[in-house]
Amino acid sequence: MSDPSGEMRELAKKLLENGEVDRIIGWEKGNLWYQSPPLFITRAEETDRLVFDDFAINSLVTYLLDERDSGKKTGIFVKGCDSRGLVRILQDKQIARESVYVIGLPCSGKKDPRQALSSGASESSQVPPAAKCEECLYPNPVIYDVIIGEAVEAKAKGDRFAAVKEIEAKTADEKYAYWTSQYSKCLRCLACRNVCPACNCRECAFDISKPRILAKENNLSHNMVYHLTRAFHAAGRCVECGECERVCPMGIPIMQLNKKIIKEINDLFGPYEAGVKLDETPPPLGTYQTSDPEEFM
Amino acid sequence: MKTIELSSVLTAGKAFTAKVEADSKVNVRSCYQCGKCSAGCPAAYAMDYAPHQVIRMVQLGLEDRVLSSHAIWLCASCENCITRCPRDVDLPALMDTLRRAAYKKGTVAEKNVALFNNLFLQSVETYGRPHEMSMMMRYNMKSGQLMKDVFRGPELMKRGKMSLRPEKIRDNGAVRRIFGRVRASSGGEQL
Amino acid sequence: MKYAYYPGCSLDSTGIEYQLSTKAVAGTLGVELWEIPEWNCCGASAAHNTDRLLSLALPARNLALAEKEGLDVAVPCAACYSRMKATEKAVRGSEDVREKISEIIEMEYGASNRTLALLDVFTNQAGLEQVASLATKPLQGLKTACYYGCLMVKPPRLAEFDDPEDPQTMDRLMDALGAEAVSWPYKTECCGAGFASSRTDIVLQMSYEVLRLAKTAGAEAVVTACPLCMLNLDMRQKEIEAKNGVAIDLPILYFTELMALAFGHKPAAIGFNKHFVDTTPVVRKVEQGRRAKEVQP
Amino acid sequence: MSVKSSDAQEAWEPKILAFCCNWCSYAGADLAGLNRTQQPPNVRIIRVPCSGRVDPQFIMRAFQDGVDGVLVAGCHPGDCHYSTGNFFARRRFLLFQRIFDYIGIDPGRLQNRWISGAEGDKFAATVSKVTEDIRALGPNRKLRDEHE
Amino acid sequence: MKRVGVFVCHCGSNIAAVVDCERVAKEAAKFPGVAFSIDNKYMCSDPGQDLIKKAVEEHHLDRIVVASCTPRMHEPVFRRATENAGINPYLFAMTNIREHVSWIHTDREKATEKAIDLVRMAVAKVLHTVPLEKSSIPITKRALVIGGGIAGMQAALDIADNGNPVVLVEREPTIGGKMPMLDKTFPSLDCSACICTPKMASTDQHPNITIYTHSEVERVDGYIGNFQVTIRQKAKYVDHKICTGCGLCETKCPNKKIPNSFEAGMGNRTAIYKAFPQAVPNKPIIDAANCRKLTKDKCGVCAKVCPTGAIKYDDQDELITIDVGAIVMATGYDLFPWKEAYGEYGYGKYPDVITGLQFERLVNASGPTSGHILRPSDGKEPKTIVFIKCVGSRDDVKGKAYCSRTCCMYTAKHAHQAVDKIEDSHVIVFYMDVRTAGKGYEEFYQRTVEDGVHYVRGRVSKIYQLGDKLIVRGEDTLLGEAVQVNADLVVLATAMVPSAGSGEIAHIVGFSTDKDGFYQEAHPKLRPLETFTAGVFLAGACQGPKDIPDTAAQGSGAAAKASAVLSNRSMETDPLISQVNDAVCAGCGVCVGICPYRAIELKEITQRAGGKTIARRVASINSGLCQGCGACVAACRSGALDLKGFTNQQIMAEVDALCL
């Protein structure tokens, strides 16, 4: 893949100069070689800081929520996965389509800074592709105003639900033991919620006091309810960007639950891909078919 | 005519009805016996049971009677009935299933139809394509109608419409292996 | 335009006229027919009467050979066409069927190519305007009864290209060739082909009905697209006449023969002399009509 | 939100919570009463207007609190007093049951039934069946909030 | 501090025989928030209710729990008792220890424990209850009826007789619908026009009814009691205020060969026309598409001959806006377009294959043949007539799965008329089942058989023309043999389908249709005349195939429903409905699509955020439309929506209380 940074900078510069957008969200090179954190700029002269390298893995779209009432227009860079998150936010009416200028970047896979660190690598080429990128189905943005670079072919290989099936094969007690081992690690830091494009409510149900869903104390029961609730709130809406799992400091395989829900929705209510088409009908739990499977007679 | 004692007939025939429905993928309970199939069937006049009565027999589970009927062999698979059926009951598919079941059970009423089918398929298995001449000769011998259509041969040959030697495809092993594998399978009804 | 060509068993024997005229028409229309090498019999009704798997596997081998070439398949015989469409649909409709069939025929077959009736290819696919423009020797209002038979258009979920009760493809073709298609009610009724050998009595009755109604409608010839119909209506016509004590005298012709005739091919070269019922009245009517016209202006 | 941990000493009896829609299932329960159709005393009903009102959150809370099983009952599809509520409920609980199964909670602990106002016998039979099922599964510890 | 009073009812021995009510009351007294607790023999009796009042005064109670029978029976009674005691009636909870405890258990200990649990749950719920007020919405005392057939006319007349003004909108140039096209009505065989046209006249003359013919409803806003309706009055090109309806223009119009839809295509009309002589209003309009003046600016004969100068070639469509409180839908039916579906019957290419409605015009004395049954192709009297039932009905493949309900009877009527009118005739009816559910219907059918009509059980597979005969091939399934009829005329009993455009108008008014496009009733058994949209009612065949008596009955029924709405100046709405917490709502709109009553919309609010005023959209509940099902609440992720009386917090409290 040729480096699109030049084109990105030029476009960003033009957009800021002619006032088409009020700010730009992209990535810049961090202090360390394996970091490319988000960059927020409002002035044309800052655009030279923009990069799109192996570590531009963060989705930037949830930052749009911070400005949802500002009335300002943002230029934002999106990869394929990010773009589905953007569709999610647009479908949930959290921002207006006119308030974003979407610059699409086809992406052949990014790398995870944490993996870079843990692998002891000293340069990017030694770092394997991020796990979530290996399963990518949408390397090309599904929504954009302009696209930079050539379309990339999806490289998803193998069964996207392989991990789910592995868990399904366990006995009930094995499953519970597995999830207990995972969820007991949870710190309830809420990073997974905060990064999730489907978690775009103004006030989160977990933050409401009447009634309080979760106890303040951190215990397994409440951790489980937290994860189940969050997954259920995202049911039929999760865009599989994998950000939740990526940001989890405890390495909880959060996507294994989200993917289970996707798999079941496909089986029960017909194939459905969230966040792919902007003008589609309500998500699966916001609608029904009289012919839905009947198990409750 | 004998009175059919329904409760025992229905009990005995339940499995048959279910099997036929599963194999043919035809829901016979959809049929409300309007008879449109029979009315439009060009071969019905020659049948012992009208087509809608064939469905009726399956609905009731009258296995022996339907599988030994001539009607199932006299269906020309012309698809008139399914084209017009108000309930989308695929009668040609049902007839296929019943014929196969009759084969298995050995209750084929129209021996010649079955004989012809057999000889035809043997010819295809041997040559990859049927050879009319040899097939017809064997058919006439086996069906005991030695002189049937015998005058046609020369006429057809004169017009270049029949040859003495069978046309055989070169890679006939492929077709033979197809027959072999099909025999090894269970008939594919469940697919 | 290039198609894989599956002549079927009849076209080398009883349907020789169909073969000759098809090749002549293809030549004039510029349609390239690539005969599937070492094709095998589709199994006809004998196969589907006997074994479902066999009835799918036999056609599948031919279709797979064409699929390898990336070609759609043109099928002249209505019966073969029906079996091939049934196979195509079954394979397309079920992954299990696809796998099983591919295994049996030792070839991958995914039904990515289409099966087309030769009638469809020479009319709808080639374009009737082109056909009309090539009909340099129009058929002078020859009154034809277009006989589609049963399997060319029925059942509609398989046949797909024309109406099952009152099809028009051949009628429009006759119009393009300068002939007249009479309106008659037995266009899609069955001639009884399946019983040609086993229950000839039924065939004679069914074919008689077809001939009687064509005659009553004022037809001077019956046009067909099926070699089995041809055999019954043509070869057995004398027997039918004798059995019912009537004179019918209806020449039976393949649509391709009339196309070739109108395209200017010599009648003998396209099989007019190979019929049981004398076809010279047709040729004569066309020639006389043409001469009369040439004199008149 | 805490749990009375007395069930160890006494003979354990399943504690089951049922959500019944006002128009069908609750009426079905009433009819069972009217007919004096005996049932095991393990089920406590919470009346809701419609099965579509039932939030999975309630169910999770019930298991946290220490119930051994939950029944959600609504009108038969097509008969919903509000026309469509049970169709949404059906989707919701088809999915939720599978999630429960996936994390290792026996799906038998969360049961759903369509029971009309005329089906008093069905209501009673369902209560008996669910109670039996849950009794067979034993006390539930999973998801339970044991602390405090 | 909240002060709850708990009242445990013995219901004589109904409860007390199994439940230790005294113990329940004692245990209840220990629950948090409970200030008073007592058991009593009959809580629903006057002394029982007085007990509540007294306890409230003495113990300063502010919330009430009654443990007794099913709330489905006595909840309103105890609400009133609570109110009479000076407490908001919604600060009350009821729990059922009779049907759900004493009547279904025998073990006194376990039953009592269960009762205690249930009371604990009710107390927990009532502690989280807030006072609720019924709200009231004003009612516009006027009704709109859409469709002027027999259903619409009946509804309009009944509402008008009830003293409320009615606006009747009809798409065609005349009211009357299909009924005036019919010749006789079954089973009494009285003249259809003779009973229909007087009804049309009464509708026209009723002081409370305003009729807009040749008009369509274009837009409906608002909700029950407060609909705003926009009607498009299509240009008539004749000033009906001046026109006297003398008919001179019609006799002079040169364009006379336009198929008249009133004659079901069996007769013609002119470009300026009245559909039929008794049309209401009895004044013509110009069919613009076929008028030479309007299309080619030629002719102009009608203007020249009109004695009053009523012709207005420059007439324009007009938009009329009215406010109404209730709407009755009566858009009727059309016949299934069989010509597009049935190739086996010739796709309409045989002129002597006609529909039942066309047959009505053929036997009608005011029809194109003056009541002589003459076949369309050659005007000859048919001797052999075949009737085919269920064309398009009971046929999932080419037509509709349902039974059209009226065909068995009208075919019997037609068959009877055919034998009656044509000497030496053969009349053959092909049927699958004869369905005669109606007063006097079976007797009528039997009479038809007596008359000599031959009923053959089987469907016809094919019809074709041979010479001047129609060959009809069917099966006599009772005989098990194929039959063929060489017929002169074939009459098809085609299915009833919703009238053209009925889906669009349903969308405009705002309610749903069923899988076949008929209007969806709110409940198939108990609310057959209502839609899910409050204030919109259904009458006649728009809801499903129906004959005339059923249609008239529904017209009256829908009128009663509409009149009930209009009978008050305002209406109270149940406060147990959804509410939105604007601060929490993110405006994602998932609730909007879930609400079956279209009671939720996104509205813009302004709020202070981050030091400035911002505008954003949040869900908003229309209290006139919300029925309180709570489906939206369960779908709301953030918890911005809640259902009053069944709040998340109340239900959670009940759940928690169960395990305390």
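The letters A, B, C, D and E name the chains in turn, as written, and every chain counts its residues from 1.
Assume a residue touches a chain if its C-beta (ideal position, glycine included) is under 8 Å from a C-beta of that chain, and two chains touch if they have at least 3 such contacts.
Quantities reported herein were computed from a predicted structural model and do not represent experimental measurements.
Student: Keeping to the contact definition above, tell me which chains border both subunit A and subunit C.
Tutor: A chain counts here if it touches both subunit A and subunit C, which gives E.
Student: Of the chains present, which has its C-alpha mean closest to the combined C-alpha mean?
Tutor: Given all protein C-alpha atoms shown, the central chain works out to be E.
Student: Quick check: more C-beta contact pairs in D-E or C-E?
Tutor: D-E
Student: Let me have the rounded angstrom distance from the C-alpha centre of subunit B over to the C-alpha centre of subunit E, please.
Tutor: Distance between chain centres: 51 Å.
Student: Take the average of all CA coordinates in subunit C, do the same for subunit D, and state the distance between these two points in whole angstrom.
Tutor: The computed centroid separation for subunit C versus subunit D comes out at 65 Å.
Student: State, to the nearest whole Å, the distance from the C-alpha centre of subunit B to the C-alpha centre of subunit C.
Tutor: For subunit B versus subunit C, the centre distance works out to 23 Å.
Student: Residues of subunit D that contact two or more other chains, please.
Tutor: 1, 57, 61, 84, 88, 92
Student: Find every residue in subunit B that makes contact with two or more other chains and list them.
Tutor: Answer for subunit B, listing residues that touch two or more other chains: 45, 80.
Student: Could you check subunit A for residues that touch two or more other chains and list them?
Tutor: If we look for residues of subunit A contacting two or more partner chains, we find 285.
Student: Please give all chain pairs that are in touch with each other.
Tutor: Touching chain pairs, listed by label, are A-D, A-E, B-C, B-E, C-E, D-E.
Student: Applying the document's contact rule, which stretches of subunit B touch subunit C when the two form their complex?
Tutor: 42-43, 45-46, 74, 76-80, 82-83, 90, 92, 96, 99-100, 103, 110, 112-118, 120-121, 124, 128-130, 132, 136, 139, 143, 148-149, 152, 155-156, 159-163, 167, 169-171, 174-175, 177-179, 181-182, 185, 187-189, 191
Student: Could you please specify the touching residues of subunit B with respect to subunit E in the complex?
Tutor: 32-41, 44-45, 49-50, 52-53, 80, 84-88
Student: Please name which positions on subunit C make contact with subunit B in the complex.
Tutor: Contact set of subunit C toward subunit B: 9, 12-16, 38-41, 43-54, 56-58, 61, 90, 94, 96-97, 100, 103-106, 150-151, 154-156, 164-165, 188-190, 192-195, 197-202, 205-206, 209, 235, 274-276.
Student: Would you tell me which residues of subunit A are touching subunit D in their complex?
Tutor: Checking each residue of subunit A against subunit D gives 164, 167-168, 170, 172-179, 213, 215, 217, 219, 221-222, 224-225, 228-229, 231-232, 235, 257, 260-261, 264-265, 268-269, 284-285, 288-290, 292-297.
Student: Give every residue of subunit E touching subunit A within the complex, in rising order.
Tutor: Answer in residue numbers: 583-590, 593-594, 602, 609-610, 614, 616-617, 635, 637-640, 648-649, 652-653.
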